[in-house]
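A, B and C label the chains in the order they appear, each numbered from 1.
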Amino acid sequence: MQILMSGLIFGCIYGLTALGLVLIYKTTDIVNFAQGEMAMVTTFVSFVFLSNFGFGYIPSLLLALIFAAIFGIAIHQIVMKRVQSAPPLNQIVVTLGLFMILNGMAGLIWGHKPTSYPQAVKGDSIKLGSVFITPNELFILCITFFLMLIFFLLFRFTRVGLAMRASAQDIKASQLMGIKVTSVFTATWAVGAILGGVAGIMTAPITFLDTQMMFEVLIMAFAAAVIGGFVSLPGAVIGGLFIGVFENLIAFYISPEMKLVYTFLLIILVLYIRPQGIFGGKQTLKKV
Amino acid sequence: MILMLKQLGNKRIALGILIVCMLFYPFSVGYSSYFLTLFVITCIYVITSLSLNLLVGYGGQISVGQAGFLSVGSYSVAILSTKLGLPFLVVLPLAGIITALIGLLIGLPAVRLKGHFLAVATLGFGLSVPQIALKWDKLTGGFSGLSVTPSSLFASETQLFYFFVFLTVLIIWLINNIVKSSIGRAFIAIRDSEVAAQAIGINLSFYKTTMFVISSFFTGIAGGIYGYWVGFVSPNDFVITNSFLILAMIVVGGLASIPGSIIGALLFSIIPHFTDSYVGITNIVIGVAVVLIILFKPKGMVSMFNFKRNKSEKTKKNELLLKEEGNRGVNI
Amino acid sequence: MLTFNDVTVQFGGLTAVDNLSFEVPEGSIYSIIGPNGAGKTTVFNCISRFYTPAKGSIKFCGDEITKYKPHQIINIGIARSFQNVELFSKMTVLENLLTGLHPKLRKNIFAISLNLPTVKRSEEDSRKKAFEVMELLKITHLADEQVSNLSFGFQKMVDIGRAIMADPKLILLDEPVAGMNPIETEKISQLILNLKNEMNYTVLLIEHDMSLVMKVSDAVTVMNFGKKISEGTPKDIQNDPVVIEAYLGEVNLHAEVK
């Protein structure tokens, strides 16, 4: 039970990161390999607010998320907008380039030494039935579900959400309907960056704050997204939770170092059986 | 025709100059071990980026984990030479073959995947290899790595250097032959239209797997060269950023282009030499180069060079001609 | 030579081909016509094995072909061209044609990577063959042109040329003259007749250009909404009221849309 619980905690983080990935992919058709590094930068920024300016946790969090939104917008406007219609390989490579730039810059500015990052809520673990849970973990669970709720409401019931869904369906048609696709994409990148940022800020207290903190999270988020079929938003979250639990089970019963390898085998297996992922729709035949 | 001959001549001359330069390289750097190593590392990346270009540029299959194959190659050399005591001339080809088998294992499921799914799967592979090397310490020496027993065939470092340079040139030639052949055309066909490729009798899964096998074979040899040259392998030699780097090489140099892969490999092997004082800077420089090239020269650096430009001018002229012809046709 | 027997193809709820039966005799030019969306290309895609019929059998020279994979179809002697040309866009015309020889070329990786004389020789032979085909299509001057630079008409020719390269017994042509001017159309109609008379191919043709169909066909099947609505010689078809109605219906439809 305890293993399942801590798996779910990690799962939330993976789910949030995967949600950002899938949102960006679904709407703009770009797989963002820099998602983790963007989250890492946001986390560092929040740390600057926390420790250098001495703000409280919540103000720092909010300021950092505002930064994340601006950051996402900037990345889309400066770089990604220009490769919107490029071949997928070019898009992937650009995001890898961003990955390297962000990683290098963060190293330059903040150094490579891991720092500890304060937890959102301090306190001793609470006993819930047969499992122990720290208030911080509880906080992660709550904020994840809270965010997802907001996010789905946003996506379902607001105009921006509607525009995003429309653009995801058919760019040309949306343009004809008067949707400003570019602005929608910019908004998508902002939301994606925020989701990533939250995931990063949740990750930092558990691991440490350093430039590599999001590597593994990104991989696991990819695994989650793949399991979710890369186009399903609930699929991403469920995939994240699943990967979190799976990984913890592997770490416990086999070996912590091998969790990456087994997760990789799991994705390969899933994709071999269902090349479009579990929640991906039916594969369509190309018309000739 | 004359133009073609001239180009061919130019190419021959360029090749000649290049080979002479390579022969004199050790003299010109005063047999400095550092510069010899820099050159051999460049050779390794030339081979690897060519192999990756075969897969990505020609075959259209994205791979974000090529460094995993380098690791497999270098570990194969270490294990075979040190643990089994096999001789150099057996070990090096065997490293290629072992890596090719791993490539086959990866290729089999990968042929069913497209685009980003393939990217994620290969990424997972690239990440897993160092982890496995760490964990499987009985075989790989785990964290502390494994040394490679040097070959007794070569009396000096310079001899080994020349052998590896020769091997690199040989592999460039082999890969060039492959991409120009019916097999190479089948790869390009799959990249450009899977439907038409099947209609002309190309078995998609067979050829996609073949791409992975050929690509990993040569990359395994490159990994082997690394093992023998450095004399020591560890899990941190080829990590996922190396995979990104190799991918960046072919995109920046030029996809589906042999000179492109070589230019990219040269560039990105030499950049760290100048920015070595700080790892972060290397990443930034490479990242910026990648982004700029994709934004402004999406066909890669090779498209900036003269012989390609001539050709594209020619095509433009023809295009005009064709349009004229088309117009006339309609008028009649 | 090619026999369709009660073939039905469905996409979700849509029945694209409905209980279709017909037979293409060896050595003939057989045409399939019908309004847009009638299911003609779908028939080709079944023969190419891109689609699998929900029901029915397709026999080629007595051999059930639904058991084959798409890439094996060329080996039993069926080649095709595509409605919206599926060329290898970054290759030159010559290279595109060379790919058509794929099943015939030896593919020994060791010989190829060492560029042995046998490989060079077979490459030389294939180029010769490619130039013959280009001559036939009168596109020799475009040999080294990248196909994406060509007009649609020339691209169609290359597409057809690639199918001819494999020396098939049956060749499927999907709207070969779409996008061509009258001169090119005339050239292609000569070529189709040539394929039958001199090269002994059987031709299965989809075409909207009625004058071409009437001129070259030995027999015609008319499809509408996936069903065969008429069959016979070009003359019979021209006078069949059902066919006229199907096409008129389409005209009316267009008129309404406008």
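The rule is short, and it goes like this: a contact is a pair of C-beta atoms (placed from the backbone, for glycine too) under 8 Å apart; a residue touches a chain by one contact, two chains touch by 3 or more.
All values reported here derive from a predicted model rather than from experimental measurement.
Peer 1: Can you identify the chain nearest the overall CA centroid, using each chain's own CA centroid?
Peer 2: Taking the mean of C-alpha atoms per chain, the most central one is B.
Peer 1: Counting only C-alpha atoms to place each centre, which chain is farthest from subunit B?
Peer 2: For subunit B, the chain whose C-alpha mean is farthest off is C.
Peer 1: If you average the CA atoms of subunit A and of subunit C, how many Å lie between those two points?
Peer 2: Once rounded, the distance between the two centres reads 48 Å.
Peer 1: Find the geometric centre of each of subunit A and subunit B from their Cα atoms only, then give the gap between the two centres in Å, rounded to an integer.
Peer 2: Centres of subunit A and subunit B (C-alpha means) sit 32 Å apart.
Peer 1: Taking each chain's centre as the mean position of its Cα atoms, how many Å separate subunit B from subunit C?
Peer 2: 39
Peer 1: Can you list every residue of subunit A that touches 2 or more other chains, as numbers and ranges?
Peer 2: Each of 288 in subunit A touches at least two other chains.
Peer 1: Considering subunit B alone, which of its residues make contact with at least two other chains?
Peer 2: 195
Peer 1: Give me the residues of subunit C that touch two or more other chains.
Peer 2: Within subunit C, the residues that touch at least two other chains are 50, 82, 86.
Peer 1: For the complex, give me every residue of subunit C touching subunit B.
Peer 2: Residue list for subunit C touching subunit B: 48, 50, 69-75, 79-80, 82, 86-91, 95, 98-103, 105, 107, 109, 112-115, 119, 123, 126, 142, 145-146, 149-151, 153-154, 162, 166, 181-184.
Peer 1: Could you list, by residue number, the parts of subunit B that touch subunit C in their complex?
Peer 2: My answer: residues 174-175, 177-178, 181-183, 185-186, 188-189, 192-193, 195-204, 210, 214, 256, 315, 318-319, 322-323, 325-326, 329-330, 332.
Peer 1: State the interface residues of subunit B toward subunit A in the complex, per the touch definition above.
Peer 2: Counting only subunit B, the residues touching subunit A are 56, 62, 64, 109, 112-117, 119-121, 123-125, 127-128, 131-132, 134-135, 194-195, 240-241, 244, 247-248, 251, 255, 278-284, 286-291, 294-295, 298.
Peer 1: What residues of subunit A sit close enough to touch subunit B in their complex?
Peer 2: 25, 31, 33, 79, 82-83, 86, 88-90, 92-94, 96-105, 107-108, 112, 215, 219, 222-223, 225-226, 230, 255, 257-258, 260-261, 263-264, 267-268, 271-272, 275-277, 286, 288
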